[in-house]
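Here's the structure we're looking at; comments come further down.
Order of writing sets the labels: A, B, C and D. Residues in every chain begin at 1.
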Amino acid sequence: MKKFINDPQQFVPEMLKGIALANPDTLRYVPEYNLIHRADSPRPDKVTIIQGSGSGHEPAHVMTVGKGMLDGACPGDVFAAPPMDYVYATTKLLASPKGVLLLVNNYTGDRMAFDMAQEMSEADGVTVRTLFIDDDVSVKDSTYTVGRRGVAGNFFVMKAVGAAAEDGADLDELVRIGEKVNSVTRTMGIALTACTPPSKGSPLFDLADDEIEIGVGIHGEPGRERAKWSPANDLVEVLLDAIVPDLPFAPGDRVALMINGLGGTPISELYLLYGIAHEKLEARGITVGRNYVGEYCTSLDMAGASLTLVKLDDEIEALLAAPAEVAIRVF
Amino acid sequence: MSTSLDTTEFVVRSIAQTCVDNEKYFGDLDSVVGDGDFGYSLARGFEQVIAHWDEYDREDSGTFLLKIALVISSRIGGTSGPIWGTAFMRAGTALKGIDSVSGADVVAALRTSIEGIKKRGNSDVGDKTLLDALVPAIDALEASVLQGDSGGLSMQKLAAAARTAAEATSSLKALRGRASYSGDRSIGSPDAGAVAVAVLAEQLAEAWKS
Amino acid sequence: MKKFINDPQQFVPEMLKGIALANPDTLRYVPEYNLIHRADSPRPDKVTIIQGSGSGHEPAHVMTVGKGMLDGACPGDVFAAPPMDYVYATTKLLASPKGVLLLVNNYTGDRMAFDMAQEMSEADGVTVRTLFIDDDVSVKDSTYTVGRRGVAGNFFVMKAVGAAAEDGADLDELVRIGEKVNSVTRTMGIALTACTPPSKGSPLFDLADDEIEIGVGIHGEPGRERAKWSPANDLVEVLLDAIVPDLPFAPGDRVALMINGLGGTPISELYLLYGIAHEKLEARGITVGRNYVGEYCTSLDMAGASLTLVKLDDEIEALLAAPAEVAIRVF
Amino acid sequence: MSTSLDTTEFVVRSIAQTCVDNEKYFGDLDSVVGDGDFGYSLARGFEQVIAHWDEYDREDSGTFLLKIALVISSRIGGTSGPIWGTAFMRAGTALKGIDSVSGADVVAALRTSIEGIKKRGNSDVGDKTLLDALVPAIDALEASVLQGDSGGLSMQKLAAAARTAAEATSSLKALRGRASYSGDRSIGSPDAGAVAVAVLAEQLAEAWKS
């Protein structure tokens, strides 16, 4: 394993320290709970929004804390849901009188930690609501009883509730918006290579030189099938054939299209995929109203990409278009 | 078989040390169809248990276990934090206030741990989780205690049952946790949590001898 | 080779098409010359800024075309300077009465193509000036007669002249600013793995499992030495020991610090490096006034990173802080 | 030896086809201490030369070469575009207006190509570039032409000299182009451009026979 790290156990804290040092005016770091939070949070006039999940998915979620997005993120270690205490302490620390909204990607460990933290915070008098995000179409609800996974589509839920909260929406309204966005968001990903968690030091699974994993999870979980590599045109078709009928997205629909890199894929390839997906959607009569190309929810150094569609209406589009300020930026 | 605070300490210490020693092995088990962090998560939590060993309130076995549960909840992430934290919490609650703990008390406490895990995980025997090793192991322990076996013999029966049951999880399809996403591909390898339970029980039985 | 591509020969055009489809309001694509340009360029009141270089360094430069940055970018194929005709045609197409500024990373092929294009454009009556960027300290001027390479530091030249041009600065003023920024910018990079050009289909060079290349170029050219992997703390020290004495940067200086990913390194590791570099600079008495963490100038899928320092003064800092709008964005 | 438009076409066609056929080989040579795009760049340019073969103005050899130079300049990137474009441009200019080209005309034209490359590349013999194969090869051609050798024999002498000189670049340290960044590491492998010149000359000598 060759990575820019010192000690695998310090990988997450050292990354978090870097984020804090790079954003001294806007962010605060609480090492005890792996917590990155807005310097101006909690605010009495704004619902607090917190997201947890494991590390290794950066920029999600520690680098998307900021105005118009999250108030705080308290990740666990790489690919591990945060310990319940991190969520509990974060909720207490950032609690607003308008309440706290917890955003949770739908995984067993995350659900447990956030459920327990919600119970305990409520016992302390904090008003808490939880939103589960489950946009990954590669996992069939019927066969797998854990339910769908939350993957890159969580960006849209975060962005929409973040914008609404900034405008003063109350907790019920945020839950309504978040559930609505989640209900019209669908994602599927493809891995070209496995990722290497720092503490493991070797790739998490084996993919032969000509193999890919279709429907891969962002923790390297297997997807729908292991297949032979094929050209980008075909892979985009496979993704759209899984995603479009799932909602379904229909001719005449206006969508947001996201091509999300999984960590090891260069942005050149992501734009190539974007061009193909854009044209294939137009050919299906679906209009791309907003687009997102880059890294939003990664799996460490995995080469691969996911494609997300969100069905737009005026409300969602306005929330997505609202300004936001996060650590991830160009200038 | 009757259990005092000393014995509780001995058991917890053995579990903690075994988790730290097997970090890599447990992680590798979890990377077959999981995400490979199981060993890391347990090791980070139990190394804290050991680091602060002398600081815990030792009023009785139950109180001690509740303190351990707190460390686990605050340091272990993933699915294992809530699952193991709940197990220790329930056992602690069950044993709190009991000065001299009987074999039957232990079995009863572990039964409440199992119920806690099932509730927390929305899971049951057959779902290919650590429950598939833990439940048969406690069944064996209960039978042994009822029979009046010595502590050492009870431990050996517990370990043997855990090992057999853990191996048997290979033929199951995972219905809970991250491994469930693998669907049929999860068949053919044992559950990481179940094997960990077997290893912990075997180490305990071994340590009990000396 | 597993990449998201169809045909290696169509890699660059398909990527460019994706960029254009993703930015219909702001960008235009001219397939004949691999040209991405601002929809509102040329403008009579603004010097036109053009950059070329090979492809494979994205977001440089096709994704940094936009308000406050470049007017156009006409890359060659992967790692190949553009054919002279691309530069000539682009210069003619985007020529402004205020003149054209060509930004060129200092490589043999690029210099030749831009020199020839400048000659030909001037013969056609266009006023053209050229700026060569050479920020890579790993190449010693004395031993290598081609001179230093232009690498990630080119971002700062682009940003500064882009901001000044937007404010109406004339060509002489832009040349002064660009030369000044280039003269206080220093970069060095480290490769953990080689990159794989699509048309080659295999890694460009071999690095053993425990080897790294210190001072690597953005086309995979060798650097100062091949070394054993070492922890991030040590690698940052190696980079600073090469960069700081080179200008030199001195205690009391205020700098911009950039940690640039080379394509295959996750942003988590880049922030980890940032935190280390920030603290080590402070320990040397150097203040980080602005920071940049992410991908600015890559080498396809190479795992690796470069560190850039720019010595700030009021003029440079104001130009870097000015707003800009480019294809690379989060929202 | 005297050269007409037919012969010029034959030479250019052979060069173009050889560059297309050797795309991978030339690329691999360039990836030893370069960036691996040399074969790709030449192939993309010369395949255009072939694709539009019937369209070029064929007034005389010089005019024809100038058209080829234009295609090269517009399609080949990297260092090779300007270098090869300049070489064809200079040769075309030298031969423009000459109907029946003599061997001496050819040598003179190639000399102006070499001067053009040196000027464009700010380079000279000994810098470990294609000049290190091209210059000795043209020297050999000139000697052969002066001796009154047949065209076929001249070609063979040209090819032999190019090959020997190309191999000899292995011992040189690169002072120009991307390979120069490798410093001492460039010693031990031949220059990609020089080897390409040898391959082109050998193919030409071979084709001349038939």
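We take it that contacts are C-beta pairs under 8 Å (C-beta built on N, C-alpha and C of every residue); 3 or more make two chains touch, one makes a residue touch a chain.
Treat the numbers as computed from the prediction; the structure is a model and nothing was measured.
**Q** By that same contact rule, can you tell me which chains touch chain A and chain C alike?
**A** Per touch definition, common to chain A and chain C: zero chains.
**Q** In angstrom, rounded to a whole number, how far apart do the mean CA points of chain A and chain B lie?
**A** One centre to the other, that is 32 Å.
**Q** Roughly how many whole angstrom separate the Cα centroids of chain A and chain D?
**A** That gives a centre separation of 55 Å.
**Q** Where the centres are mean C-alpha positions, what is the separation of chain B from chain D, in Å?
**A** 75
**Q** So which bits of chain B are touching at least two other chains?
**A** none
**Q** Could you check chain C for residues that touch two or more other chains and list them?
**A** Where chain C is concerned, no single residue meets two or more other chains.
**Q** Connecting every touching chain pair, does the picture come out as line, ring, star, complete or other?
**A** Shape = line; chains linked end to end, path left open.
**Q** What are all the chain pairs that meet the touch criterion?
**A** Every pair of chains meeting the touch criterion: A-B, A-C, C-D.
**Q** Residues of chain B touching chain A in their complex?
**A** 27, 31, 33-37, 40-41, 44, 73-83, 85, 120-121, 175-178, 180-183, 185
**Q** Can you list the residues on chain C that touch chain A in the complex?
**A** 2-7, 11, 14-15, 17-22, 55-56, 58-59, 63, 159, 192-193, 209-210, 212, 229, 231-233, 235, 263-276, 278-279, 291-295, 298, 300-301, 303, 305, 320-321, 323-324, 326, 328-331
**Q** Touching residues of chain A toward chain B in the complex: what are they?
**A** Going by the criterion above, the answer is residues 9, 54, 76-86, 107-109, 112-113, 116, 139, 143-146, 149, 197, 199-200, 204-205, 217, 219-223.
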